Structure formats: structure tokens, C-alpha cells
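Look for subunit A in each of the two complexes below; its partner is subunit B in the first and subunit C in the second.
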Partner chain A sequence: MAELQKKLQTEVEKFQAVQKDYQKHVNLRQQLDAQLNENSLVKEELDRVEDGANVFKMIGPVLVKQDVTEAKQNVQKRIDYINGEIKRHEGAIKDLEKKQESQREALSKLQQQLQQQQVKAAARS
Partner chain B sequence: MASKQAGQVDIGQLPIPQLNQLVQQLEQEIELFTSSLNQLKLAQQKFLESQECLNKVSPENNSKDILVPLTSSMYVPGQLSDVSTVLVDVGTGYYVEMEVSKGKEYFKRKIDFVTKQMEKVQPVLAEKYKMKQVTVEILQLKIQNQMQAQQSAGPAKA
Partner chain C sequence: MDLKHIQRLEEEQNFALIETNRKLEQWETFRSDYEALRERMTTLPDKTTHDIMVPFGSLAFMPGKLVHTNEILVLLGDNWFVERSAKQATEIIGRRIKTVEQQIKELQAQKHLLEPRLEFTKNLPGGSRNEDYFEIAEEFDPEKEKLWREEHRKSVQRQRKKEKLERKAEERNKTLTDEEIWKRLDDLERQEAEGRELQRIQELEAPDDLELVERSQGNTLLSPIEKPPRKVHFNDDQTDSSFMEESDDDSEVEDSDDFTSGSCEENEEDRRESKTQVINFKHSQAEERLQPQEMADSEEASSDVKSPRDVYRLYKPGTKSILKNSNSARKVKVKKKSDTQRPSLQSPLSSVQAKVLDPLPSLSTEQKSPEKRQESTPEEIQKPARVSKFKAQRQNLSKS
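Then we have the complex of A and B:
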């Protein structure tokens, strides 16, 4: 019976590790979502700017003049990159969800086994 | 007993610990939505302020004396020189130079955007709050019933 308890313990630890991983990916995805929104807003603004106007990028404490088309391209590239990252995290999240489910089932089965053993041991004594 | 359908689970049928969990979960969601609403309100105020300031940057105030902040606690006297264009922070480190009128339009757009988001959050918040109220009522009723049942079972057992 002690061996079954040890097995339960390891399974519980594995489950908690999967949960932590899952939470990490969910949080990252939320962050990326916010970044995506901000970049979309910036892209909209840049689209409104006429081609001759001045656009500056803040690099550290310095405002550096940038070309409007270049700025638009940069923002677009960033948006595409963020979208790729979001897709990647969403895939990981789905996988981890499935893993969590199967871990949960394995845990409950082990718990049932342990309970049965405990009942048998109590009946014997 | 009044019971409200929540998805496919009838809240009236849930046992007390589950009801407790549900109340806590709803409280968390309410806190989240309230804080989001507050943040939106703050953003709206900031944009409103910026828009107001632009009203001061006008040709009639050209060359007027102003105090320019160099640090958070130090200002230097100066003169308003350029009243035609302003640099607007549009996010992610980008600044766009635009005319004062365009700047005012920009802030108006931002204010409308934030107001729309606030209007989206408000009804959801109200709904969650109502659900919490109903769940708390049912929980209290169940606890009362349980206590009464225990009391009436007590003397019978003894």
C-alpha cells in the first residue's frame, strides 16, 4: 500500500507541473493579446498619417525620426510575429489541457485503488 | 425555492461547498471586471486631459510664457514657439507629428474607443453581480435549512 501512496504522490506532482506549465502559457497568451491590440492601434494610426509627415520612434531616451513606410512595415512585421506566437501558445495550451485531463483521470483511478486497499486493510484488522 | 439555471447545472441543486466555490469564483470575476472598468475610466480621463491641453496650444497663445518640466520636480521658464504641430504618443514607442486639429481628432477617437469598451464591460459586470447575489441567497437558505435539520435531529438522537 505504501508503494501505491508513493505512486499517487508522484502522479500528483506530475499533475501540478502540468498545471503550472498550462498557467504559464495562458498568461503569455494574454500578454501577447494585449501587445497585439496595441500594435493594431499603432498600425491604424500610421495608416492615417500622410506620407510626408514625421514619425518618430522612441529608442531609449531618444526620439529617432523614421520613414512612415518603414515604420508601417515594422509594425506589420511585429503584428505578424505576435500572431505566430499566439498560435504557438494556443497549440501548447490545447495539448496541456488534454494532458491535464488524462492526468486527472489517472489520479482519480489511483485514488480509488488506494481507497479500496485501505478499506480492505481496515476489514482485515 | 427560487433556483436559477446556470448553463446546464441548476444552482438550487448544488451542495453547500460547491455553492461556496461558485460564490468565490463569481467574486473573483467581479473584481477583475471592476478593476478593468476602473482602468478604462483612468485612460478616458487621461485622453480627455490631453485633448483639453490641446485647446491651449492655439495660435492665440503663440509666444506666451510657459513653464517647461525638465524633471518631475523642476520646471524652467520658456515660450510657446510651435503652435501648429504636436507630437502624439500612439503606442509601442511610436510618436507621430500632426497638426493640433488632427491631434484633437485623435484624442476624440481614443475617447470614443475607450467609452465603447466601457459600455461593453458594464452589462457583463452587472450580470455577474446579480448572479452572485442569487447564489449567496441560495447558499444562506441551504445553510439555514441544514442548521434547522441538525437541530431537529439532535434531540431525536439523544
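Then we have the complex of A and C:
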């Protein structure tokens, strides 16, 4: 009886850990999504900017002058990077989801076992 | 549908709607800001420098000058700035406003979607508009049901047994009353037979008429004593008068009307009896009439006749018939309604049908006759006066 309970406890903890992980990844993905949108907007604007214009990048409290083409490239890189990140995170999320499911099943099984044991104990007593 | 679930649903829907509204508001403010900014863009390049009050912190201002009025650093996003002229900035603003408006549209569409859902949920029983709906739910436990069913069956059986016993008790009571009814019937049969005997006697020749009259009178005098209970009984059993026009039987029935009102009851009885069982009478010979008298007397002495069956046992069938002889009927009988017709009707019918039913009527009359004769004879002396007019006519005729 006690063993089962302990087992159940550990399983529950594992499950909770997995869930946390999952949530984290989901949040990250959302964030990345927002960034992606932003950067695509920036890209658009930069495309409109003619070559001679001043483009600045804010690094901390400082505005650093940038070349338009350079800026464009940077933004593009950033976008690509963000896309990659998103993909990675998505993969992780899927994995974690699967893990979660299996964890849930195991948990329910353990719970059933525990219940049966309890019933038996009640019948005996 | 659980009421609680509906309430929860309504809650959630409401929450979603509120969220949508909030976002909508936010975007609206954005738009208004951008609009203002656009306007500012138009005014900025009007002057090369603007005198303004520069805010120092949140509580102080400082007069200052706004220079480079056409150079606007626009934040594109992700910490990227670009230097633009006012005009270009206005264009950017225009584009931004577009996106904002797009967002607003989307949110509004969402709102349009959520609102009807909420309305519907509110209108459901259990929603905020129908809060006083009650969910009537009976719990169903198969095992409890089984137990209840067993109990119910047992109680039903008990009830049925009770009813059975009650019914039996009732029947027992009824049987007592049944016996009384049988007694009553016997009495009535006896009286009916007496009536018929009376009628039979009427057919006797003239000298006998007086006796008959007296006897009948006596009978009728006596009958009232017995009659009152029977009166009540018969009045209840009155059948339609169309019965009067039927067969031979009616002739006898009507004859007794001549005498007294008391005999009317007998008519009704005859009518009743003839309704239930067709009693067809056969003419009997005059000589045979005397036999039953003697036999009756002997019969009284010999055995206790308690029922017509006893009479039948003693008497041999075919001894006497109470039916009127066709010849004597023509002579004696005078109808109230149709005098001429009746005699002709009687003769063809009577001889044909009477044989089968002969013993019973004859016996019943024979049973009655001794009693009647005995009863009537003492009263003969007392009241000789009452004679029907037809009888009187006949007497006159015979005398004359």
C-alpha cells in the first residue's frame, strides 16, 4: 500500500516536471512568434527606406548608426534565426506533449491500483 | 443539463467577451494616438523650430526649442530606428493605422461571434435570465431500484390477499341475502299461481261464478296483505305496456283487472313472467278441474309441499291445465279492450304450444288452489257483493 503511494507520488512529480517544461516551451514559442511579426514589419519598412537614410540600432541607451543594407541584412538574419528557434521549440513541444500523455496514463494506472488496494483493505477490515 | 454547468458556461463566455472588449478598447486608443500623431506630422514641418515646454521628469517643465523639425526617428521594432522626414513618417503612420484597424476589425468580428453565444446561454434555463429554474433530478441507483421493486411486489401481493379476503366475506354476506331473495321468489310464484287459478276458475259455468267471484274477492282481499311488499317490487319491475297485446296470456291477465286493483299486481306479475318465459296455456276439460281440488286436499294432508317441485312430484303431469277451454272461454270471457278478437286468438295457439309448458303452470296453480279455496271459503260468507259488471251481465243473461 505504502509502496504504491510512494510510487504514485514520484510519478506525479515527474508528470508535473514534464508539464512545466511543456509550458515553458509553449511560452517561448509564443514570444518568438511575436518577435517574428515585429521583425517582418521592420523588414518591410527598411525596404521602403532609400539607401542614403540614417538607420540606428538601439543598443542599451545608445543609438548606433547603421547602414541600410547592413540593417536589412541583420534584420533578415534575425528573422531567420527566430524561425529556426520557433521550429526547434515546436519539436520540443511535441515531444513533451507525448511524454505528458504517457505520464498521465501511468498515473491513472497507479491510481487504479491504489484504489483497488484500498478497497481490498476495506473489505478485509 | 446541469444548471451549474450552464452558469459556468455563461461565466466563461462573459469573460471572453470582456477580454475582447478590452482589447478592442486598447486598439482604439492606439488608433486615436496614431491619428493625433499624423496630425502632428502635418504641423511640425511648418516651422523650422518650435518653442515648447520640455518636460523634466514628471513634475517639471522647461522652456525649450524643438529643432530639426523634419527629422523624425521612427521606431520600426526590435530596437531598430530609422530617420525619416515628416512626410515619410506620415506614410509610416498611415501603414500602422492600417494594421491597427485590421486588428480592430478582427476583434470586432470576435465580439460579434461571442455576443450571440452569451445571449443564448443567458436564455437557457439556469442562465442569468431564468435563474429560478429548478433542475428536478432523481437519483437513479439500479440496486436501490431493485430493492424497491421487491418491496413493491410484496406489498402488492399483501394488498391483493387482503382484497381477496374482503371479497370472500362480502360474498358470504351476499349468499345470505340470496337466500332471502329465493324465499321471496317462492312467495311470488305462489301468488302468481293463485292468480292463474283464479282466472281458471272464472271459466267455470255460471253457477260457479259467484263462488269464483267470492273466492276471487277473498283472494284479492287477502292479497293486499301480502301485496304491499310485492306492490313495491312489481312497480319497479314494470315493463312496457305493449306487452299487453301479446299472446293468450294477456287474456288471463286482463280478466283479473275486472275484479280489483289488487289483482293488477298479478297481471304485472304475469306479464313479467311471460316476458321472461313464454307460458302458453292449454285448454283443459271442465271435468278435470274438480280433480285438483280433491287432490289438493289430499296433498295437503299427505306431505309438506314446500316448493313447486314437491307438487310436481305428487301430481302426475297432464292432470289439469289452467288454460281456458276454447268453448268456455268464448262464453265466459269478456275483454276490456277487444272482446271479440281474443277468443279466436286463444284456440289456435293454446292447443299447439301448451303441451310443453303444461306441467309447471298447472302445478303452480294447483299448489295455490287449495290454499286459495281454503282462504276464500270463509270469506265467501263475509263479502259476497262484489261482482264485475261483465260477470253480472253474464249472470243476467244466464238468468234471463
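Simple rule for what comes next: the second predicted complex is superposed on the first by the 125 of 125 C-alpha atoms of A that agree within 3 Å, B and C clash if a C-alpha of one lies under 4 Å from a C-alpha of the other, contacts with A are read in each partner's own complex, and residues count from 1 in each chain.
To be clear about the criterion, contacts are C-beta pairs under 8 Å (C-beta built on N, C-alpha and C of every residue); 3 or more make two chains touch, one makes a residue touch a chain.
Remember, it's a predicted structure, so these values are computed and weren't measured experimentally.
Undergrad: In the superposed model on subunit A, is it clash or fit for subunit B and subunit C?
TA: clash
Undergrad: Between subunit B and subunit C, whom does A:Met58 touch in the aligned arrangement: first, second, both, or neither?
TA: Once the two structures are laid over each other on A, A:Met58 reaches both partners.
Undergrad: With the two structures laid over each other on chain A, which partner does A:Asn39 touch: subunit B (first), subunit C (second), both, or neither?
TA: After superposition on chain A, A:Asn39 lies in contact with both partners, subunit B and subunit C.
Undergrad: Who does A:Ala71 touch here: subunit B (first), subunit C (second), both, or neither?
TA: In the superposition, A:Ala71 touches subunit B and subunit C alike.
Undergrad: Looking at A:Val119 after the superposition, I want to know if it touches subunit B, subunit C, both of them or none. Which is it: first, second, both, neither?
TA: Neither: A:Val119 stays clear of subunit B and subunit C.
Undergrad: Taking the superposition as given, does A:Val49 touch the first partner, subunit B, the second, subunit C, both, or neither?
TA: Once the two structures are laid over each other on A, A:Val49 reaches both partners.
Undergrad: What residues on subunit A does subunit C touch that subunit B touches too?
TA: Common to the two interfaces on subunit A: residues 38-39, 41-42, 45-46, 49, 53-59, 63, 71, 75, 78.
Undergrad: Considering only the defined contacts, which subunit A positions touch subunit B in the complex?
TA: 38-39, 41-42, 45-46, 49, 53-59, 63, 71, 75, 78
Undergrad: In the complex of these two chains, what residues of subunit C are touching subunit A?
TA: Residue list for subunit C touching subunit A: 73-74, 76-84, 91-92.
Undergrad: Using the touch rule from the top, collect the residues of subunit A that touch subunit C in their complex.
TA: 35, 38-39, 41-42, 45-46, 48-49, 53-59, 63, 71, 75, 78
Undergrad: Name, in rising order, each residue of subunit B that touches subunit A in their complex.
TA: By the definition above, subunit B touches subunit A via 87, 90-98, 106.
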